[in-house]
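So that you can tell them apart, the chains are marked A, B, C and D in the order they are listed, and the count of residues begins at 1 in each.
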Amino acid sequence: MIRVGIVGYGYWGPNLARAVAETDTAVLEAISDYSAAARERAFRRHPSARLIADWKDLVTDPRVDAVMIATPVATHFEIAMAALKAGKHVLVEKPMAETVTKAALLVDEAQARNRVLMVDHTFIYTGAVQTIHGLIADGRLGDIYYYDSTRVNLGLFQRDVNVIWDLAVHDFAIMDYLFAARPVAVSASAAGFLPESPENMAHLSVYFDDGALAHLNVNWLAPVKVRQTLIGGSKRMVIYDDMQTSEKVKVYDRGVAFTDDPREAYERMISYRVGEMWAPALSSKEALVSEVQEFVRCIEANVTPYNDGESGLRVVELLAAASHSTRLRGQPVEIGELKRAS
Amino acid sequence: MIRVGIVGYGYWGPNLARAVAETDTAVLEAISDYSAAARERAFRRHPSARLIADWKDLVTDPRVDAVMIATPVATHFEIAMAALKAGKHVLVEKPMAETVTKAALLVDEAQARNRVLMVDHTFIYTGAVQTIHGLIADGRLGDIYYYDSTRVNLGLFQRDVNVIWDLAVHDFAIMDYLFAARPVAVSASAAGFLPESPENMAHLSVYFDDGALAHLNVNWLAPVKVRQTLIGGSKRMVIYDDMQTSEKVKVYDRGVAFTDDPREAYERMISYRVGEMWAPALSSKEALVSEVQEFVRCIEANVTPYNDGESGLRVVELLAAASHSTRLRGQPVEIGELKRAS
Amino acid sequence: MIRVGIVGYGYWGPNLARAVAETDTAVLEAISDYSAAARERAFRRHPSARLIADWKDLVTDPRVDAVMIATPVATHFEIAMAALKAGKHVLVEKPMAETVTKAALLVDEAQARNRVLMVDHTFIYTGAVQTIHGLIADGRLGDIYYYDSTRVNLGLFQRDVNVIWDLAVHDFAIMDYLFAARPVAVSASAAGFLPESPENMAHLSVYFDDGALAHLNVNWLAPVKVRQTLIGGSKRMVIYDDMQTSEKVKVYDRGVAFTDDPREAYERMISYRVGEMWAPALSSKEALVSEVQEFVRCIEANVTPYNDGESGLRVVELLAAASHSTRLRGQPVEIGELKRAS
Amino acid sequence: MIRVGIVGYGYWGPNLARAVAETDTAVLEAISDYSAAARERAFRRHPSARLIADWKDLVTDPRVDAVMIATPVATHFEIAMAALKAGKHVLVEKPMAETVTKAALLVDEAQARNRVLMVDHTFIYTGAVQTIHGLIADGRLGDIYYYDSTRVNLGLFQRDVNVIWDLAVHDFAIMDYLFAARPVAVSASAAGFLPESPENMAHLSVYFDDGALAHLNVNWLAPVKVRQTLIGGSKRMVIYDDMQTSEKVKVYDRGVAFTDDPREAYERMISYRVGEMWAPALSSKEALVSEVQEFVRCIEANVTPYNDGESGLRVVELLAAASHSTRLRGQPVEIGELKRAS
């Protein structure tokens, strides 16, 4: 039985607490938050968990085996590092840290101490993304041509991060999980329409080492909420629409192909394939619960989860490269460039 | 009564011919096409129009007052120039020409001869775009923040132009009509997934002189057809979805604003406005017929249409700049740069 | 080569004429309409067809092999009977006649003279209905439980027929084609909200001899156009939405079943199956053209089409029974009752 | 401060408990359920409420002012009557009772003891229904022609009630609130496709005293969930789609009207009005919380809520009449008939 401590009981912490409570192999040992009101809320829902004001007391508590961190991004590094140094396993909210350097230090620390370091890329545990992953792994989509995502809504304007770190992070994590190809460069342009606020709208292009192209459209100032991703493959194409209550994933047997037409020797013809559509049944298990269970399993079996620190680091590299590109008015920034510099 | 000659009776020519036939103030005098089969088709639908094989005979025909050109892009310049030199008024398909220089020469020629030169930006005559134009002109959207368009479908792969010249041209023409602000730079990235074919997928960013930002997503290799544009304004936002059979234009009374909250002196708060949605009734008059009528009216009244040669030239400048940017891996290209160079 | 004459060139006649023109095995010989304006329109599109004012001259014309009738319902019987008596094959618009007696007389006449009598149930030739037919015939839906159709829109208010004869006729024809079971009774309630106009809204229930139940909701006074049918089977269920541009037919692997649960010996449990959805690729061939080709094929091969006079008669029986039920405030009317009475 | 006791902590009881907890003017005093597991769940969420096994102890508890009943329908009467006789105010789940007689007895008892008796018609407190109520009250829809509701989904098959008592009850409650007109008769047909289970599919027609017509389509065996209601008025029409996350209510400025056309003296013409659509902003306050607050307000102010016992009784009358009609194969049953008989 893994004893879990949660740091931060604001927006996301309660979800983590509930997921731990629903996991047979874990017990919710302690919750820390500087806010007395937050601790009061935590007590009403989890009366058996100890409430702690200062996270430093939680991460060093000998009755805690694993620490989950749901605090503002800027604090992730300090808390996670302290927990790792205290010998705890760590699940940290995404993005893992606000710089590549800090993310890399966490990876090194976890490795040195042989601790599980997981980044909360919740989406990869959804039935939808799991199913798409299977389709790609089975070769049913063929070669991946593109990933095209629209992730827009009205608000919430964040104060500490811009729309890239808030929304594009989801797509970076999903692509990191789905694709074998690795990003080589990112180009991004962003705009902020409210003075003294972080950028609220951005368009990002990600170039992969196999020629695939990803594009992300993120926006806090849209009239409606859209969560739609098109994935184009040489054999089939997918629409993943997270706003649908059913049929979130649709697989289209459509595409183009060359045909050699003997009548026109000097040119190659394009034929269109407009076949059936298929919406697979998706697992309805809650993603966060699956993720917490996987975290516990990795601790107990001493294995590495997919969304480990390396994965979190790769996502931070993309975020940092995208931010850098926005300051260059969209000039592509190569992945690895920032890492080497730091 | 304006006597019209149509050059090219392939895909679009029949639509022009029908629109002329439905216009009381014009008569369909002649149709030219090198293909005998095309002329046969034209005869069956328009038995009273004279059929001509060589367009050169049509553009110099004294019984023709105005020439409409529906041929491949690469031929627009030669035919339009010959028609203008023969003293004809000209309606030419978009894009007006394949280079900025050629487009500018047509503008000069039309001006020198005091002829009407119109570019067939059909969309600006739709009830939807007319209505959005009215909303912007009335100030009901407030300041324009962004224009975000998705224009994707499966095929048709073009042979002579890439997806930018085929699809983005529509958005350039619509923005040219809707916005008072002028583009200052374009950034574009494109990819082609079929060898020896033009690029079939592109993402374009257009930077305006008032800070507004446009983004276009065009793709010939998508599983479904999408024609959706979001327009964000400081007061209201619009979704224009051309695939809807009704309610193509939805106006959302939504947005964000700063509020000065006396309780927190040192920070400015953001408030969200989630008000009603309104779908205005749109004119159902066919856009192409409205456009042909406007063409005839401008000839008769000796006035200039909105979508004149200058407008067509501005659109070609954007197309050329976007194409140039794709060759620079998305580096922004300033508008005017190419013009001055040529 | 079958020589076709068309009676009536108003709303639907031009579609028939065009479909004949697209059929290699038929030639459009003549068109009749009392209106000179209609004949003028016909001439412009079909200059080689002879134009005739009086349909009596067309149906007896020796150069005509087959007559297609697209006139108001009240005239179908007289024209079709005259054509059959003159030895012509007949394709008549639905509903075939305005009474069961008249429909039965046409069936008898066609049989006595060994002529093809087809009723224009166009929908059964669509790719969508053809596909659903195949799914049912293959047993993939299992036993049919219900057919539930919503067919509403704003207008057109008809003058000569009410909404049942105008819209429910489509569902009656589709069900006649899809289902092996036969209707035994119909219950219908109707309302008219405009004085001195036919009923514009109706709800109909059809009881089948195998226990299946159909329900039709038809309305000329709805704010939006809906064309949606749910078909529930013991194995799978279908949604047929004719307003979709793609994915008109969706097949759901969903349902309920009893499970014998050993833990609860005294009760049988219900389990739910929520499986995948599948949208088969549909033929995009125009239904009317397929139907005209089938009409010609049946004439040439001396065979009977599915939508023959018997099928048309069955549909008229349902319409008459439904109308009768509305006058009884929804009391069920047995099929065959009216027939025997007449 | 009203002290509330809740009877039944199964599916709906926890929602009532949470709503009470969110109401400043009420306190959750006690919860009763025969199931120890249910009481354990209740304790974890509401540790300060007393847990009681037998409802009889709760309804007579002097520390309880008001009783909320969330138990199976068949038990409503006994529990509510006991609570009223003990002088408690009562909020009872819908349907209020399983017979008209029992419902009427509860109304009489509440009146005799001057207690508030409310039936939990939650939907009438939603922002959507409140807004439609306002549109009708303001005369913006004009005369009401029809109410047409589709309320279908897959499962849950109920054991104790059929689909009419489970789903149509919502529409009966909504119509009771929206319309000034009163139902005069109900016709219903139902079918059950699973042996030994209650009917799972039904179609109901409700005839109103002003000529309006309602139709309800309810079904537990549909492939997808639909919650859609069309309301047709002489001036405007409404679509209320509860499955939409935004724009649940759309108001269409559409309809038909007679026009006197001088050119055709002997007939009256119909004109169509296809105007704008408008989706009002809806209150997002949770309906159940609003309802509980209204319950408390009525107790404190000694006033009668809209959804009082009389309203609950009217709904039960409709349910009973519909059930009766299904046994008569859809023959209309007059409202009041059953009441007088009982």
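Quick note on the criterion: a residue touches a chain if its C-beta (ideal position, glycine included) is under 8 Å from a C-beta of that chain, and two chains touch if they have at least 3 such contacts.
In UniProt terms, the chains line up like this: A, B, C, D = Putative dehydrogenase.
This is a predicted model, so every value here is computed, not measured.
Enquirer: Return the chains shared as contacts by subunit A and subunit C, ordered by label.
Expert: The common neighbours are B, D.
Enquirer: Would you mind checking which chain's C-alpha centre is most distant from the centre of subunit C?
Expert: A
Enquirer: Name the chain pair with more contacting C-beta pairs, choosing from B-D and A-D.
Expert: Top pair by contacting C-beta pairs is B-D.
Enquirer: Compute the distance, rounded to whole Å, between the mean C-alpha positions of subunit C and subunit D.
Expert: 39
Enquirer: Using mean C-alpha positions as chain centres, tell me how far subunit A is from subunit D in Å, no decimals.
Expert: 42
Enquirer: Using the average of all C-alpha atoms in each chain as its centre, how far is it in Å between subunit B and subunit D?
Expert: Comparing mean C-alpha positions, subunit D is 53 Å from subunit B.
Enquirer: Can you list every residue of subunit B that touches 2 or more other chains, as numbers and ranges?
Expert: 224, 246, 274, 277
Enquirer: Across the complex, what residues on subunit D touch subunit A?
Expert: Touching subunit A from subunit D are residues 44-45, 47, 224-225, 243, 245-246.
Enquirer: Quick check: in the complex, which residue numbers of subunit C touch subunit A?
Expert: Listed in rising order, the residues of subunit C that touch subunit A are 246-247, 253, 274-281.
Enquirer: In their complex, what parts of subunit C are in touch with subunit D?
Expert: Spelled out, the residues of subunit C in touch with subunit D are 145-146, 148, 150, 152, 154-155, 157, 187, 189, 191, 193-194, 196-197, 201, 203, 205, 211, 213, 215, 217, 219, 221-224, 230, 232, 234, 237-239, 250, 252, 254-256, 258, 268, 270, 272, 274, 277, 329-332.
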